[in-house]
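First chain A sits with chain B, and in the next complex the same chain sits with chain C.
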Partner chain A sequence: MQRYLVRRILQFFLIVFIANSLTFIVPRLVPGDPITEFLNNQQLLNPNPEFETWVADYKAKFGTDRPLWEQYLNFWAGAVRGDFGYSIISFPQTVMHRIGVALPWTIGLVSVGTLLAFLFGTSMGALLGWPDSPQMFQWFVPVLMVIGGIPFWLFSFVVIWIFAVELGILPPAGGINMLDVLIQGDTLQARVVSIAQHAALPIFVFVLFGVGGWGLTMRANLIMTLGEDYILFAHAKGLPESRIFLRYGVRNALLPVLTALAMAIGGIIGGSTLLETAFSYPGVGSVVGAAIQQRDYFVISGAAFFMILSSALALLLVDLMYPLIDPRVRYQ
Partner chain B sequence: MTKKRAKPSKLNTELILGAAILGAIILFSLITPIFIDKDDSLLGKFPPNVKPNSVNLLGTDLQGRDIFTTLVYAAPQTLQVGVVTGLISLSFGTLMGVLAGFFPGRIDDIVRFISDGLVAIPAIAFLMVFVARMQNPSIYVIALSIACLTWPGSARAIRSQVLTLRERQYISIARSNGQKELEVLFREVMPNVFPLLLAQFIGAVNGGIGTAMALEVLGLVPTRRFLSLGLMIFWVQRMGGVLRGMWYWWGPPILLIALIFAGLLFLSSGMNVFVNPRLAGYGAAAKRRTAARIKEFLAARRAAAKGMEPPDEDAILEVRNLNVVYETVEGPVKAVNDVSFSIKPGERMGLIGESGSGKTTAATAMMRLSRPPAFITHGQVLLEGRDLMSIPDEELRRLRLKEIAMVPQASMNALNPVMRIGDQIKDALIVHEGRMSRAAMEKRIAEAFGMVDLPADVGKQYPHQLSGGMKQRATMAIAVALRPKVILADEPTSALDVVVQKRVMMTLMRLQRDLGAAVMLIGHDIGLMTQFVDNLGVLYAGRLVEWAPVEDILNDALHPYSRMLIESLPTLTRKKALIGIPGMPPQLLNLPPGCPFAPRCPFVMDRCREEMPEVQSPQPGRQVACHLYPSHTALPPLPIRDLIPEVLAEGLVPQVLPDAVAGD
Partner chain C sequence: MRAKVLYGLLATCFVLVLVGVSACSQPAPEVIREVITQVVKETQIVEIEGETVIQEVEVERVVEVTVTPEPMTGAMQSIPRDRTLVLGAWEHAAQLNGTDNFNPIINTASVRTNYAKWVFEALMYNNMNTGEEYPWLAESYELDDDYMGMTIYLRKGVTWSDGEDFTCTDVKFTIEAHRDTETAARRGEFSRWFESVECLDDFTVRIDYTGTNPRIHQRLMIGWENHFVIVPEHIFRDKDVATFTNLDLGKGWPIGTGPYKLILVSPQQVIYDRRDTWWGAETGFMDMPEPLRIVGTNAASDEAYAQMYMTDRLDYGGFALMLGSFEAARDRNPTVRSWFDEGPAYGAPDGCVYQLQLNNNRFDTNVRLALNYALDRQEIVDLAYQGSTYVKVAPISDYVTGAWGSIVNPVIDSFNRDNPSQAKVEEYMTAAGYAMNADGFWEKDGEVLEFTVTVPVPWAVMGPVIAEQFTRAGIKADEQLDTAGQWPNMVVNGDYDGVAYVHCGSNFDPFDSLSFFHSDCYAPEGADVPTGCGGMKGHRFVGDPDMDLAIEMMEGAVGDPNNPEFVKWVETALEVYMREMPTLVIAEELHIIAMNDSYWTGWPTADDPYVAPYPCWSDFTLVPYRITATR
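Then we have the complex of A and B:
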């Protein structure tokens, strides 16, 4: 058990190390350099007579005047301290600051959305996989398939248009309306209400269009499980249908889906970029979206670090948790 | 084993639907440009933000470009990105997959290492950073980067398909005919991998379009030189098109994207059914048909049960004309046909037959546990006079385990792997006997384990913690926990070594004596069987060809097949050549008329090939289905000598068993 833990944690560090090294080195093999590019653009708008020294100055601040290996070492030295350098666009601001402010928004939005989609989706999948479910349910399968196959963030536009633009019942963008909150005396309740109102539409998109994948996975697992010999024997034991379905079918079919859930939660930071951008939600996704449009390279790579970290953490979590939920898998 | 190659099933609706959607989009984007002037419409010379009208079918965007024209030019570009990505990813994946599958070892390890590693690295994170670094990346560079991250997935799917194909017989034949590995690869393996390749390609196109679109919408792709659906969305987002209520701007591209994805999706799911026709059984229509059939057969059995003959007072279990059929894609497989017999209380009956003769199918049907594609078409199974085939579900459920229990054939897999063994007895006890005190429950569980010589603490363990023999005993403990009156034991000792086999059998027989239960013991080892049972039924091609007390069968079997089985049995007094029965059991699909044993029978007559022999009773307490009766009263001696040359011709070399084994 202890050796397993140690080995698994070492593996986690190895994944984080390799993945980040790759994302650090490979892009730098491409010719070009984001700082020069940025300053070139500035130069066009607002000519600086001492352009050369300006560039040198900037490069020194960002450390890109050093040889690659030194930059690489500095990257790791900074990363372990949570320092990913500065934003190019909003210069004195650090990358960590920009991401740190946005992170709680993303985690809140996406974890609630993912969990709700998971709950609805797996229940629906379980119902669809149940041999005795009403026939009419079967027509949900192609619907779920189509919904699950289309990138869900595309529906953001439709939802914003209907609920925010045409009906005007929910805010179309942002995470909280501070003006409203202040008018109401900045109470906790006012804040919660405003946050919930802003999160309602993105979460709606998550749930309505995220259930497809969960539902289909669960259904497929359940169909497989219901074909197992132990289900036949459970029937031979004279157990009632409902108990077989829940305790022998759904329970066993759920195990692999839980792994997928952990992975999905690990993908939180990366997975919501497009959704957050569509809703201008103040999370990491929007920060990344803005950084990409402004070609703020260090913010992008800092965000990538967090994406890698969170998905590696999820993998670690799955491996540590799985033996607890599935007795067949042991720590070894 | 299959000599003929997998026959592709008929085109299915999904495939057609998918192809139709994508075809329509492609056709649309090929034909429309003929009628519109691209330069005119895309230069932004129209007034901005015009609602749809007769000049601008879908209005104009904020830069005064005609939205309809933009759409016409953007859609094929989006498809093109997907196809390019798909092609790159697939060709590399195929190359590596085929190499890894055909030359396992180093390449295989490398492919696996890379694909395992890529799972851990979020692709979008890497792409973001990579593409952001490039100045004006071309869309093909982006396609290439995406493909670099997706090929290992295809490689692994193709690898496993190649591995399976390699094992196939016709490939071994090709190889033994002296064809070179590479020749085999191109002539025999590749044509069979093709359908999978197509499915993988569609998947790769889908992934390519999705990922490229995400990068476009985020603004990672140069926005000036290129036109695509993703970029249309990018501009909508950038210019606040949604909040301005310009549904005609963002609506059409989203609809088109959704259609493309839906088309690809139908295509790939249709493709999967095409590759693997078994999946067809899971669709809505198939499910409805199945449910209707089950209902129909149940109704028919209920109707038949109304006018049935009164039950035999002496028997505890009576099987009458049991028929089970597997509805397969190729047609109905009649696995159990008009099987009838009866068992008295406390009696031990054996049911033997070659593999595939329908023993498990019959036993499963006797508890009405058959699951599609198996259907019980008609017949009665009377347990103390109640017809298990027609009573209401709830009544049947209460009888299962309490009155009639089963030790399934795959008893190794009969236990829920994630539930403690004790809990698996407990839930049965609670369901049938209601809640009881903790102590009483513990006592009952310990008692059940005691009956099969397992220590009580096995209850705390999970199935994977037990040995095969222990699992089989645990299953048996569950089956006997409620002291049922009838136990159906389906090869309870298969997959165990000889010593354990004997012990498990002894346990079962002791239990049977202690409980006074009637047992139906299923097996194909007639030697083992005859030591334990009172009556023996012989199943051949789903028919009970003979049923009689075991001594009678041993001394003078009436059916040629049973006689040949007995003759092949070494005994203490007869140490002699053990010969197999020449020929193979028949295919149950499209069985020719007449006696199914006719092709192998030394007594075959013309009549046998045309007319199915009826079950008859030449002697009281015996049944046989053979045209030799009633004109004969006993079976003539086997023309064994005439048989031997034929046996040799079949390549079945007679074996002589050593005394020790023969006497065991």
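Then we have the complex of A and C:
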């Protein structure tokens, strides 16, 4: 058991190390230099006769004038201190500020969306997999598959069009409208209402697309579980159907889905770039999307660091929990 | 029972997350400790008339106190929507950029896109449509006869929002901070040209240049996308300008001379409220602007901005809309309009033109002319821009031709370059030594003429049309969409055939635009262009002695359409340009800036062009003084 723990913890550090090293190196392999590019764009507004000196000053400021291996060491030294330097495209904003202001929005949106999608999806999947469920539930399978096939962003536009433009009952973009909040006297209640209104449509889309995945996984798990001998035995004992369904079926089928939920929670920090962009939602996904587009190395590395860390932590927790949940792992 | 517990837990999670986000979206007020001198009561043993007594006395003591500054939102009043001006930022972003820094010396976004232009004011504003100047913090300025310096006369009676007087010291400090701060956006030009800044008295600024320059004053006195606003010396003087964020609402920062104060800042909105007192109204210089509150907000896409217009959530601005989005917004909300009321060319010029920038090392004059006649500019306008702009053949925007039209247009028209013609293509390709091969492509010494049209993402729509037109004319062309933003480096090192983007040169006289074609920026194949010749100056045009001379003469003089000598130099340089066609200009760059008459009216339009319509330009500062509420 001890070896198992040590191996998993070492694996965690290895994952964090390798994944962060890749996200550090890969953007830098793309030819060209984003700092020169950024200053070239600045040149349109403020021509600089001493352009090369300007570029050199900025590179020194960002540390990109150093050899790659030195930059790499500096990255790890900064990561330990929680300092990822400045954003290139939003200079003089720091990476931590960019991520820090975006993080609460993403956590709010994606965690609520993930939990709701999990709740509805697994409930629906369980009902779909249970042979005694009403026939109408079978219609949901193709519906879920069709919804899952529609591009996220396209569906977002449709939802915005219906609820924000045609019906005008929900805002089309943003995370909060302080203008409305101030009109109402800047109370906590007004803020919560505004946040909830802005989050409603993206969460709706998130849940709609998440439900399919959770539902179909749960359905498959339940169908497999129903083939187990203990289910047959429960029937033979004459136990009530509801008891067999909930205690023997759903409970056992839920185990692998819970693992996936833990992984999904670990991935929350990454946000959802397309969803956040479609709704102009001020989360980490939007920040990362903009950073990738404009090759803002430092923001990419900083955001990726936290995404990797949270995913790896979730993976580690699942690994550590497994022996408790499933005794077979302990015996192995 | 368990299900109930589960649902209860989930509902609690939902509420907690929402409350958490709400709390996190607004930082809690910081508690700080300050050392102050305070009168305190102390119990002392004293002798009165020989008797020892214990009594309480008041003494001055240096004490440490805990101070809780005003929360970030400050004291906020409820101001109705119809007295609030809501402006979109000039960018597509889910978060406003740079909202943690209101130091305009190092963070130009604070004034450009985050609207601190109503906190900090400029020396002068001007109308880019007419060239008219609006003196503001400065009443006037004089250039030396030899253009070796200038003198600025400041307005008296101007005060900062904390009550301090605005004086020459503030202007001197601001110019020097731009010049001497390593990461200041304007450091390059300022350090190149501004040798010394002196205060002759409280309201007279004397600037000496390092050399002759009849245009450098424009960087101080005229603002377009480039804002030059004055910061308070008494706040900045003991700070490190390179790191000072100038943001502390509890202390009233940022302090400015403008009629608005910042009251709330978040990545979603920046909010400014009108101050009760403003020097302009107090001195009778200008009435208070009508909007009681100005909100700067943002959206991540063209569609999102259009949706905000449809639902009256935006009064003006945002990034320029695409034609389809604008028309969709106007269909849903008839109070939405743009610079021109009739389309499809609704937008206003912005000083730039669309161009296919050529690598002149690879194409001699004959081939360039053949490429020119292979281009069907009107087709590019129709297909790529859905008819929302109009054709141009010279690198001089309508902002310049407004004043210079009668001088430059006859020269441009005399060459008749906007005339797509396969016969002309054949004539010039043959003159260049090419012959059409069996596959229908031009070939010389066994090599087919190939052309890669590199297109950065913002101008992606032009690429396929240009490539198709070249191929139709027998030039084997393909389009390369530059998603990685490589083009600035390609232009510097010469690894390109043509880049389709913009040429932004002159705003005032044709000098800047034509100066890009001086031989100083030439570099042979394989070598980088000289320092300062990247981007739009990286044509690698070998130059022409007449053009070089004309550009040099223009550089040393003020661009004046009434100066016959200057006009002659403009004509000479333009004739060489039109003869050589070192770049292929395609169309005017027009931006469809949406404006919504639902709550406010009186926007700058083609019918009332009191300023250029771009919210990211300095002159937009004048708009709140002109608009009136509709309700």
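Definition applied: the second predicted complex is superposed on the first by the 297 of 332 C-alpha atoms of A that agree within 3 Å, B and C clash if a C-alpha of one lies under 4 Å from a C-alpha of the other, contacts with A are read in each partner's own complex, and residues count from 1 in each chain.
In this section, contacts are C-beta pairs under 8 Å (C-beta built on N, C-alpha and C of every residue); 3 or more make two chains touch, one makes a residue touch a chain.
Being a predicted model, the structure only gives us computed values, none of them experimental.
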| query | Of the two partner chains, chain B (first) and chain C (second), which one does A:234 touch, if any: first, second, both, or neither? | reply | first
| said: Per the contact definition in the header, classify A:50: touching chain B only (first), chain C only (second), both, or neither. | reply: second
| query | Which partner does A:176 reach: the first (chain B), the second (chain C), both, or neither? | reply | second
| Counting only touches as set out at the top, which of chain B and chain C does A:278 meet: first, second, both, neither? | both
| task | Check the residue A:304 against both partner chains and state whether it touches chain B (first), chain C (second), both, or neither. | result | first
| request: Tell me which partner A:76 touches in the superposition: chain B (first), chain C (second), both or neither. | output: neither
| request: Please work out whether A:165 is in contact with chain B alone, chain C alone, both, or neither, and reply first, second, both or neither. | output: both
| said: I'd like to know which partner A:157 touches here: chain B for first, chain C for second, both or neither. | reply: both
| task | Figure out whether A:89 sits in contact with chain B (first) or chain C (second), or with both, or with neither. | result | second
| query | Following superposition on chain A, which residues of chain A contact chain B and also contact chain C? | reply | 30, 32, 34, 37, 157, 160, 164-165, 172-173, 277-278, 295
| remark: So, in the complex, the side of chain A touching chain C is made of residues 30-34, 36-37, 40-54, 57-58, 61, 89-93, 97-98, 101-105, 107-108, 111-112, 115-116, 119, 157, 160, 164-165, 168, 171-179, 182-186, 188, 191-192, 195-196, 199, 276-283, 286-287, 290, 294-295
| remark: Seen from chain C, its contact residues with chain A in the complex are 6-7, 10, 13-14, 17-22, 24-26, 73, 76-81, 84, 86, 93-95, 97-98, 100-101, 106-109, 182-183, 185-189, 191-192, 225-226, 243, 264, 266-269, 271, 293, 295, 297-301, 303-304, 307-308, 310-311, 313, 332, 484-486, 488-489, 492, 504, 531-532, 534-536
| field | chain A residues touching chain B - in the complex, by the definition given at the top | value | 15, 18-19, 22-23, 26-28, 30, 32, 34, 37, 131, 135, 138-139, 141-142, 145-146, 149-151, 154, 157-158, 160-161, 164-166, 172-173, 223, 227-230, 232-240, 243, 247-248, 251-252, 255, 267, 270, 273-274, 277-278, 288-289, 292-293, 295, 297, 300-301, 303-304, 307-308, 311-312, 315, 326-328
| Touching residues on chain B, where the partner in the complex is chain A | 117, 120-122, 124-126, 128-130, 132-135, 206, 210, 213-214, 217-220, 233, 236-238, 242-243, 245, 247, 250-251, 254, 257-258, 261-262, 264-265, 269, 282-284, 287-288, 291, 364, 367, 369, 371, 397-402, 405-406, 408, 410-411, 413-419, 427-428, 431-432, 462, 464, 475, 478-479
